[in-house]
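Chain naming follows the written order as A, B and C, and within any one chain the residues start at number 1.
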Amino acid sequence: MSAPSVELVKLSRSFGGVAALDGLDLTVEPGTLTCLLGPSGCGKTTALRIIAGLEHSDGGEVRVAGQDVARIPANKRDMGMVFQSYSLFPNLDARDNVAFGLRMRGWNAAKRRERAGELLELVGLSAHTDKYTHQMSGGQQQRVALARALAIEPRVLLLDEPLSALDAVVRVQLREEIRSLQTRLGITTVFVTHDQEEALSVSDQVAVMRAGRLEQCAAPAEVYAGPATAFVAEFIGTMNRLPGTLSADGQTVEVAGRRLVVRQGGTEAGPRSGGEVTVLIRPEAVRLEPAEDGTATVRQAGFRGPITRITAVLPDGTEVLSDVPSASAAELVPGRAAALVLDDAPVMVA
Amino acid sequence: MTASAPADVPAGVGEPAPAAAASRLRPAGVRAGRGRAGSARRTRRTRPADLLGLAPFAAYVAVFLGAPAYAVITAAFKDDSGNATLANVTTTLKDPYRHAFFVSIELSVLSAVLGAVLGLALAIAVSGAKRDGFVHRAVTTASGVLAYFGGLPLAFVFLATLGPQGLVTKWLNSAGYNLTQHGFVLWNMAGLVLVYLYFQIPLMLLVIFPALDGLRPQWEEAARSLGASRWQYWLRVGGPLLAPPFLGALLLLFANAFAAYATAYALSTGSVPLVPIQIGSVMSGNVLAGQENIGNALGLWMIVVVGLVVVAYTLLQRRTARWLR
Amino acid sequence: MTALISDSPAVQSPATAGPGRTQRRRPRAGRAVLLLLFAAYFFIPLYAAVDFTLGGSRRNMGHTLSVWTGLVHQEGFTTNLMTSLKIAGGTVLLLLVLMVPTMAWLHLRLPHLRRVVEGVCLLPMAIPAVVIANGILGAFKSWPQAITGSSWILILEYVILALPFTYRSLDAGLSAIPLTTMVEAARSLGASWPTTLWRVVVPNIRTSVASAGILGAALALGEFTIANLLLLNTFPIWTDQAGQQDGEVATTASMLILFLSWLLLMLVSQLGRGRAGKKSPKLRRNK
């Protein structure tokens, strides 16, 4: 059976008068991984739980392979779910945990053992089959949880912030394993996270959410380089906010002594003809060059390995962040004057 | 704050975080403990002098608990002149004492089993209600009060209810149902069990609530997402996880009933022989000459029975503490 | 397992057949009946007792407060009540003075002995009060009457009886705070041990200390077994003796004890709720 698509159509859900989801529309293509990304309370976990059948929706539909699943109870939806933490059954060892779903499906003991063994090997834990939850580290537990979800060959894989409770190093390692497993097995996957770096690195598409609504859904590169709204622009990566003046026709903006093209197509309504605006520019699109007559003054230089993040201040007090290759950052010490040079590329205005 | 497992350190090891922070305050000369196990190593080094800190406690318990217990145990093996003998112990193995033991055990088992089952049913019924809602809070407070409500007040309360002049007795009489004719009085086995349940059920609630709370919702949800029905979840996960605390509670209830004195004292007319009451009568002089230490022998047996039960309970607790915390 | 195919984005009816928790909720009728039955079992006797104390068993059907108001005038009421209150106070004091420093020291310096001490504190559960009473007669035969024949022996023994829940309460409280760090900080700032204990540790385990103390008081107020077997006079004993003559007085006095204990325990639960932060986070949903 080939992987199905998952569609959310105008999904809504309120809790005690507060709308956790407000008309969410989203499509996950078969075999791909979509991340639901957003700050706390944006509704991403609620959406996931509705897909799983653990919550009901107040409005809208969830369709798997085109069919509405509302009437199907959670235990019949054939979806594998990995929770944030503490979801392994403590009275069963790793192998029995992984085999649990198979047991529910009536597999006999020998077949269950075999398949569980295969999956534990897949996640690199064949040496831990007899261990119990309290004998495993957080990373190991989540690997077992993943194996358990995959054992039943689910149509859809759902992950609810599976890495948030883990250590930084384990987190990076495990997310890559999850991604490679997902592509290898070709399972349609929905991954909830609040960590934008995580989202950008594992997804085929990122759905940025805010207050129960979708802000933008696109491939990671596009979400980063071409954010649809100011919220997305500032949530993903870092953005400078520089004052600028919009031209009369709204096509260009004057900022920091340059005239740059304004990127159209944002969903924001805003002043489109003349007036003061805020220009959003990424630190890597801002260059600082030491210059005696430069208008900017370096305030701080933060070494980050390959690049150095320079914080500079403009005469009017605006702070500017610039990511500069460390090799060329030697002269940009606090107190030096520098000239601000912006890349000649379209920018967003807010 | 849930203590999430730190980087690949098995979740069971080591004392919680404060120990690591505390090591920063130690003078530089001291070798800091390796990682999180450092605190255990630190204290091991200072052990001998530190034990003195427990001396007052140890002395107090030794005198006020140890001495009486020792007295009872040794006196059980002595006759009235102080010579060693097994006579007291062997006498207690015969009737009427033997009979009393069986009756005591019967009462304890009945009230424990009924208390445990009914208590569990009530706990599950309540746990379905909203967590901080009225029902939940009312039941938790009430069980806290009633679990320790034993002794005299309980006896009087039930006398006022089902005693010869009791309110419910009168209600039943006016409905044409005479209790005594049907063989029910407060001081036979059925009556005592009914009365004992009044504190057994709340005690069960107190013990089982934390265990029920310890059943994380993620387990039920994970089971569901893997295809389990509610029944299958209870059979494979919920039940096995609750079984040890349930058994533990059962043991606790048994010990509680077995050791109860005051309620039985107030209610019994001698028709239901119970060991604690017998000890009481021996102590007040109701005993044959030459058998003054019978009370101690009986006490010895009580210690054995209740002691075994409490040990079993503690062992069970240890085993499951890991799972449901 | 039929699935609906719907084109229109019409509003989904959550309804009874919907997935999610609504589907699984047990029929509320059954639960309500169960709860009612239990409520009846627990409340009817209390009601009956209160009714009795209001004169419900007398021929004239009216309710009267005469027994309650007359209680104070009963011979021995005030003296014995005072005695019990003093015993309760003494028990709480001795209990806390003994156990708070001990538990703090245990957590601080001897954490690997926690299990041992816990076991010791559970011993009173394994040695029934009857047996302890019996043992006291034998073990303290040669002690001065001033102790064994007075309330003092009761205070001393009630502390023992209180050990199980005292340990549990103080242990929970001490485990929930960063004890080692706080004490080392205080000591490094120059505080002596007593000061550290009194000013740093105790204020941070206030709830546990209060719980232990209150439960100890409740125990001391209602304890009958040891007092009875040692032929001492306390309020519960008086209640029993009064009961030989006048059931109404006895029941009323018992209800008084019950009411007092209930008040004390309500206090404990109020304190417990005040520390709402202790509620385990596993009960909260993520977002």
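Assume a residue touches a chain if its C-beta (ideal position, glycine included) is under 8 Å from a C-beta of that chain, and two chains touch if they have at least 3 such contacts.
What you see is a predicted model; the values in this text were computed from it and never measured.
J.: Average the CA atoms of each chain to get its centre, and name the chain whose centre is farthest from that of chain B.
T.: Relative to chain B, the chain whose C-alpha centre sits farthest away is A.
J.: If you tally contacting C-beta pairs for every chain pair, which pair wins?
T.: Chains B-C share more contact pairs than any other pair.
J.: Chain A to chain C: how many Å between their CA centres?
T.: Chain centres of chain A and chain C, defined by C-alpha means, are spaced 50 Å apart.
J.: Just give me the whole-number Å value for how far the CA centre of chain B lies from that of chain C.
T.: Roughly 14 Å, centre to centre.
J.: Do you know which chain B residues sit against two or more other chains?
T.: Each of 2, 216, 218 in chain B touches at least two other chains.
J.: If I count partner chains per residue in chain C, which residues reach a count of at least 2?
T.: Residue numbers touching two or more other chains: 282.
J.: Indicate the residues of chain A shared as contacts by at least two other chains.
T.: 53-54, 74, 76-77, 86 - these are the residues of chain A that touch more than one other chain.
J.: Using the touch definition from the top, list the residues of chain B that touch chain C in their complex.
T.: Residues 1-2, 15, 17-19, 21-22, 25-26, 39-40, 43-44, 46-47, 50-51, 53-54, 56-57, 60-61, 64-65, 67-72, 75, 118, 121-122, 125-126, 128-129, 131, 135, 140-142, 144-146, 148-153, 156-162, 165-168, 197-198, 201, 213, 216-218, 230, 255, 258-259, 261-262, 265-266, 276, 279-280, 283-284, 295-296, 299, 302-303, 306-307, 309-311, 314.
J.: Please output the residues of chain B touching chain A within their complex, sorted ascending.
T.: 2, 4-12, 216, 218-219, 221-229, 232, 236-237, 240-241, 322-324
J.: Which of the residues in chain C end up touching chain B in this complex?
T.: Touch residues, chain C against chain B: 24-26, 31, 34-35, 38, 41-42, 44-49, 51-53, 56-57, 98-99, 101-102, 105-106, 109-113, 117, 119-120, 122-140, 156-157, 159-160, 163, 178-181, 184-185, 188, 215, 218-219, 222-225, 228-229, 236, 239-240, 243, 247, 250-251, 254-255, 257-258, 261-262, 265-266, 268-269, 280-283.
J.: What residues on chain A touch chain B, complex-wise?
T.: Against chain B, the touching part of chain A is residues 52-54, 74-81, 83, 85-92, 100-101, 103-105, 133-141, 145, 148-149, 152, 158, 165-167, 169-170.
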